[in-house]
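In the two complexes below, chain A is the common chain; its partner is chain B in one and chain C in the other.
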Partner chain A sequence: MKKNETISNLQIRNLLITTVIGVGILALPNQMVTILDNDGWIPIILGGLLVIPFAVMLDRVYKLYPDKNIYQIGREVYGKLIFNIFMIIILMYFVIQDAYVARIFAEVVKAYLLETTPTEIIIITILLVSAYLARCEIQVLGRVATLVYIILITLVGFLVLISLPDADPTNMLPVFNADFKKLPSAITGALFSYAGYEVVFIAYSSSDDKNNILKYIIRGLLVVIGIYLIVFVITLSLFGIDQIKRELWPTIAIANEVDLPGYFLENLEGIVLALWVVVVYSTLGPLLFAASRIFLNIFTTKSHDFFVLLLIPIIYVISILPVNVVEVYEKFGKVLNYFIAVSIIGIPAILFIGALVKKRRSKA
Partner chain B sequence: MVDKISKDIKENVEEFKNTFKDADDLVYRNIKIGKKNKKEACLIFIDGMVDKSVISDYAIEVLFDEMEIDESNLDSYKTSLSEKISEESIAVHDVKEEDSYDKLVDMILAGETVLLIDGSDKALILSTRGWPTRGVQEPQTETVVRGPRDGFVETLRFNTALLRRHIRDPKLKIKTLQVGRRSKTDVAVVYIEDIANDKIVEEVINRINKIDIDYLPGSAAMEALIEDSYLSLFPQLENTERPDSAAASLLEGRVVIIVDNTPFVLMVPATIGTLFQSTEDYYSRWPIGTLVRFVRILSAILTAVSPALYIAFTAYHPGLIPTAFTLYLAASRVNVPFPAVIEAFLMEITIEILRESGTRIAGPIGTTIGIVGGIIIGQAAVEAGIVSPLKIIITAITTISFFAIPSYEWASSLRIIRFAFMFLAAVLGLYGLMLGIAILIVHLAKLESFTVPFSAPYSGLGLKEGDLKDTLVKAPIQKLKRRPQFTFPKDKTRMK
Partner chain C sequence: MKKLLVLLLISSLMLTSGCWDSREIEQRLFVTAIAVDINEEVQEGNVNRLIVTYKYPNINTIGKNSDGGHINFTLSVPASGISQASTAFMGEAPFPFYFKHLKVIIFSKELLEHEELVRHILDELNRSPQINKRARIAVTEGKARDVLKVTAGQEYRTEGGIYQVLRSNKFTNRFTVKSLTDLITDFDVAGVTIVPRISIVSGKFVVSGGCILKNYKFLAWVDQNHNRAINIMNGIIGLENIDTIYNGTLLSYAVTRGYSRKKVTFDDGITVRFDIKLEGYLQGYNISQKNQVYDEKTLEDIENNIEEELEKKILETRKFLDEIGAPLFGVGEHMSKFHPKMWKQVKDNWQEMMPEVKFQLNINVNIRRTGLTK
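Up next, the complex of A and B:
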């Protein structure tokens, strides 16, 4: 019997959420507050909303070419050579993004859980384990995403619950007081936290109900915006802007800050972080999957297994290039900013315009 | 060997005697039927596998007395001799005509009686099966407080009857297949035609037909031979000894496989959701059902991770537990000569040995083992300072959690996994344990059970349709209007 190769829209939504939410959320409140003080929530919302039109464009492109995947569409619109160059850019982006996530993750684990273990060991282990996920087929990714989504929601709910007693909403004030000239740069920074939604490009063609998929993608993005906002509001009301600016990863600090009477686990940040391993894992795996899928389509081989293993050493080397955390954020940040612009905004827009022009011409 | 039996009875009997050479439990009963015109006939059956009173009272005696054969007129009969005998002179409930020699041999082996008649090129098969059986008893493994007490037995036909008693529906289909070149074990595939998805039924039958083995030792072997990935630690089929549970699964659109000689029937497909269900849930009120579901899921987590957590916290992250508790832990471990890792492995292995020795032995010796184990582990080890009291508690929690999981196979897999987790926690602490859990999640997501994802409903299939109502929780029966969707049932509604 032929195996069922489709994945449900719900799974695509969850794949989107778990891939996007990874290490970005740990530093997001710090980054936003550093630029816009109390109004950091504005770029979070705007950045997320900015992605939606491009998701719509992507949906239109797929509707123009039903039953084709993104590679086939791209080749038809732009020709094999040009589109392969595009794809290689995207491939580089996935690889660098994966390296960045792995590195930040390793730094966080080292800081809170394994003080004496070398960063390299942590990076290698997490990469190997995510290779196991990346070697699976898309429907397995969808299932894993759904399982992890449950963990993610539990975790966010837990963070909200434990922070309620100590939260001080007045820390949110004043509103609309920031220097709005900085807004564009803040949005660019926030956009960074929405990187990874590109897996939808690949998952789209496997959907079992393509008519309604756009609804689910948009809902997924809204859930991500919601989770980011919740985390931002919690951290801000717990710490206030001055302390957030001092914390590199305020989200983890939430668990450390709160102190309930009769606490069994004193230092909750370790526990929160341990659960976060799975969430980050479900970011690394799909990214690696996406990267190796591009390889598969460039070389038109049967399976993408081999490319996953090929990519692991490359990602590893890139991830250990920066010397310390500060450099990780600076160097990777700079490089990835360009890539993200191309990948989140560029690819859907380019495909959309190209496809429209092509269809018009063929009609005329 | 000949294909068909001949008209000469001597030849035929000789043929059977050749085939069953040195099989002393074969009985050849020669009789002469009819009062006037004696005609030679021979009954062949296996002693012990037939109901002898049926043969003597309703076959032999009747044939002696009542049969009248008009030899001169034989050719004028419209029907053949064997058909006439079967229609007029044998008082056994099921009689079949057969001329294939191989088929007759199979039937004798199955416990039927073959009647050879001189001058007829067809033999009669009399249904006389009757062998020593165990009566229907309460199952030992899945006892319930309020449910029915009957359990499956070793005889396939009884088991199908037990299922029919629950579902009086002509759509209930029972397809019998044979597996085993030598054992010729009967296997029944049971499903409800207008509920079960054709693809699943077809897949089950295909996989069973593909089996080519000489002897099928029981449903466990069947399970191993037809499951999707036999290398996995996890069971991808569910088994039960209870007819009510099997009947309920039929109504969920699942397929039940009954193997002869085993009281355990298989139910496919199985998912994580169904492995946490127990028959008892449906005989208690829904709040209790929901509570125990949560307890079981918690137990599953505890079975797999609690020793690993102990290692991770004591050896790597004492800072993560409250100071008072850390101090207590340090004080209790001050005399323990081993590191936490060794201590944990030592205790977990001891408990495995204790469990294994207790499983095989019942009665007074079993009690002795329990006492010895309890005293040695519970008291002497702690007093001697070999292990810390906390570790004893952790071991005890792990062990009792194991028994709180309804599916023994599923629990056993988690029990094995815990050693892998302990190892990972020993190497990389909490982070290592989480890596292990991440791998486990992917493995579970990869597993499929007869084209259905094993991780359903938690991984998406049926989530929107409300499958969680009877997996994560046990909703009141009024709320379970739809059948679970993981089997892709043709008839989706259960209640209106």
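Up next, the complex of A and C:
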């Protein structure tokens, strides 16, 4: 890698936040409330905190092998063949995740904005735009993330603002009244909302200040937890528990709940979705970038942009496989969950243990 | 070359403004109100059991160059559902309908006697991404379509008069404002809800009192006095007048603000304490030299008088609600939030238990001002 290809830790933090927050935020309140009723905020916090140890492991691995990127470390620890198999699993994960995000994006946009536009067109359009971003280098991604971060905060602020007049905070009650035997399954559910933080695996080696990066990663995760919590609280206090269980995408549904004076200023889902589209874009782009980077390292080519274009048709085909929205969430989502578990927990743990063992041995 | 292309692309955006889904704004009919009636002539096996009426503004009468004519149009058609009607209308309406500006939905009482139809309509409205969930609901005794037809010519432009009245409880307590979400949530939480009643009196619409619905079905009408008591108990307190007889003469008290809080205790059965606090001023009494109210003792006396009057009204309303089996004071909801364990035990036979629940009314009326005279 060239010397000037570094990004700041702040950009890595923003990259983490904008990649993690994407389509999951729409359905999260519904999923949590369905499992744990009013106490759905607990797994959101715990799920997010659970990711932190793995981020720490990753940081340790990088500290053990300074000045190397994740592929070089992996190969050194496990050998080329085994690590390439790992990489292919992660690659599949990124591809499936991208397809999943693109499909849900298309479903939401079709439901709220473009009723007569075919789903295929919506998917292809967003994929091509993301491809444009993914073909760039990591610094560009970092800059886009910083830009989108502001938009994301605006979006959350806007949602809070429009839900305030009709929100009833007592809908949060009763607290600590749910069946806590279901907590583990709720935490696993919440954990999947933190998928996408793996981009820091790749961004890590480009950081300009590797000593402090962990602090920024943890801060990024805390921001994500905070945003998820805000969204959970406003949707719950606006809709109440029973209605939220019915809503497929409670977060966007907030836009249908506003009552402003005047007649033609009421189409707020347009504004909300316009902001949200950018947020999804900044999820798809980095994921696509990560996938093509893996290709680059497997085939050891000079540039990754060719692979981006190669991946687009594959992602497109996977994304149109589910026949309806139920299948997207129930089947597609389930398959994806296994990959997410491997990617969030498996890879950092395996790398960490492997690297630790290897270092000990070489010392002895 | 590249710059030119970008410039061309950007400037082409200007040509697309104003349209959505490749349709110009004037080629859409913005439905502002919907009325749903029962289709009486329907035969067995026909799914078109409703008569759906849309009201939409005449876009041509808006703006400086308006050419007069009808301000609003109404269209009625037998249909199976609310959105299904819009395809049925395509034979007579020039453009497709658009629901994002829907403000008012009016149901007829007859319709509300069919639980399965109500459930169907509510589900359809709740499911649609097109419909603003803050649309206001009202119920009418006669035909719902008549309400829209009568008011079609009176409405000021697109700002619906009905909507303006149904918009909030800020200036009146004689009915309880209910949006679609509120309605659905009420059914979820308590199974009972109250919706404003709209009626036609000498060619004009009047909103007063309410209609109690229970389990997606019509239960009873309530007059505005009962409705006001229900609102006060639930803490919905807008500008309001309370009339009472003090020393043999009429006295009116204007409420400017207030609150109502509940506290449930379980020492000896279930006891609910309502702390109701009203603030306001003396609106009118009796002009004479001796009937001055300008001393603390008299004011306190008047306050007590109003408190008693209010308590009497509230207890009357409670008796009425217990008789028809409609727990509308929000006690169940309060218990489910603040005493979830107790609520679990009682929620299955809550309705039978309701008359046994003890009410402790702690009403506190304050006369802060007496107006310009003593």
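The rule is short, and it goes like this: the second predicted complex is superposed on the first by the 356 of 364 C-alpha atoms of A that agree within 3 Å, B and C clash if a C-alpha of one lies under 4 Å from a C-alpha of the other, contacts with A are read in each partner's own complex, and residues count from 1 in each chain.
Everything that follows uses one rule, which is that a contact is a pair of C-beta atoms (placed from the backbone, for glycine too) under 8 Å apart; a residue touches a chain by one contact, two chains touch by 3 or more.
Remember, predicted model here, so these are calculated numbers, not experimental data.
> Kindly say whether there is room for both chain B and chain C on chain A in the superposition, answering fit or clash.
clash
> Quick one: classify A:Leu81 as touching chain B (first), chain C (second), both or neither.
Touch partners of A:Leu81: none, neither chain B nor chain C.
> Identify the partner contact of A:Asp242: answer first if only chain B is touched, second if only chain C is, both if each is, neither if none is.
It touches chain C, and chain B stays clear.
> Using the touch criterion from the header, give the chain among chain B and chain C with more contacted residues in chain A.
Touching more of chain A: B.
> Name the contact category of A:Val323: first (chain B only), second (chain C only), both, or neither.
The answer is neither, since A:Val323 touches no partner chain.
> Kindly classify A:Pro174 by the partners it touches after superposition: chain B alone (first), chain C alone (second), both, or neither?
After superposing on A, A:Pro174 lies in contact with chain C but is clear of chain B.
> Figure out whether A:Val258 sits in contact with chain B (first) or chain C (second), or with both, or with neither.
It touches chain C, and chain B stays clear.
> Considering only the touch criterion stated at the top, classify A:Ala111 as touching first (chain B), second (chain C), both, or neither.
second
> Quick one: classify A:Asp166 as touching chain B (first), chain C (second), both or neither.
In the superposition, A:Asp166 touches chain C alone.
> Between 292-300, 418-426, 454-462 or 472-480, which run of chain B pushes into chain C after the superposition?
Given the superposition on chain A, chain B and chain C clash at 418-426.
> Residues on chain A in contact with chain B in one complex and with chain C in the other?
Common to the two interfaces on chain A: residues 114, 117, 263-264, 266-267.
> Provide the residue numbers of chain B that touch chain A in the complex, in ascending order.
Contact set of chain B toward chain A: 199, 202-203, 206, 316-317, 319-323, 325, 428-435, 437-439, 441-442, 444-446, 451, 453, 455, 458-461, 463-464.
> In the complex of these two chains, what residues of chain A are touching chain B?
Contact set of chain A toward chain B: 1, 3-4, 7-8, 10-11, 14, 109, 113-114, 117, 121-122, 125-126, 129, 132-133, 136, 139-140, 142-144, 146-148, 150, 263-267, 270-271, 274-275, 277-278, 281, 285.
> What does chain C use to touch chain A in their complex?
21, 100-101, 126, 129, 131-134, 158-159, 167, 179, 181, 184-185, 188-189, 336-338, 340-341
> Chain C touches which residues of chain A in the complex?
So the residues of chain A in touch with chain C come to 111-112, 114-117, 166, 170-171, 173-174, 177, 239-243, 246, 253, 256-259, 263-264, 266-267, 269.
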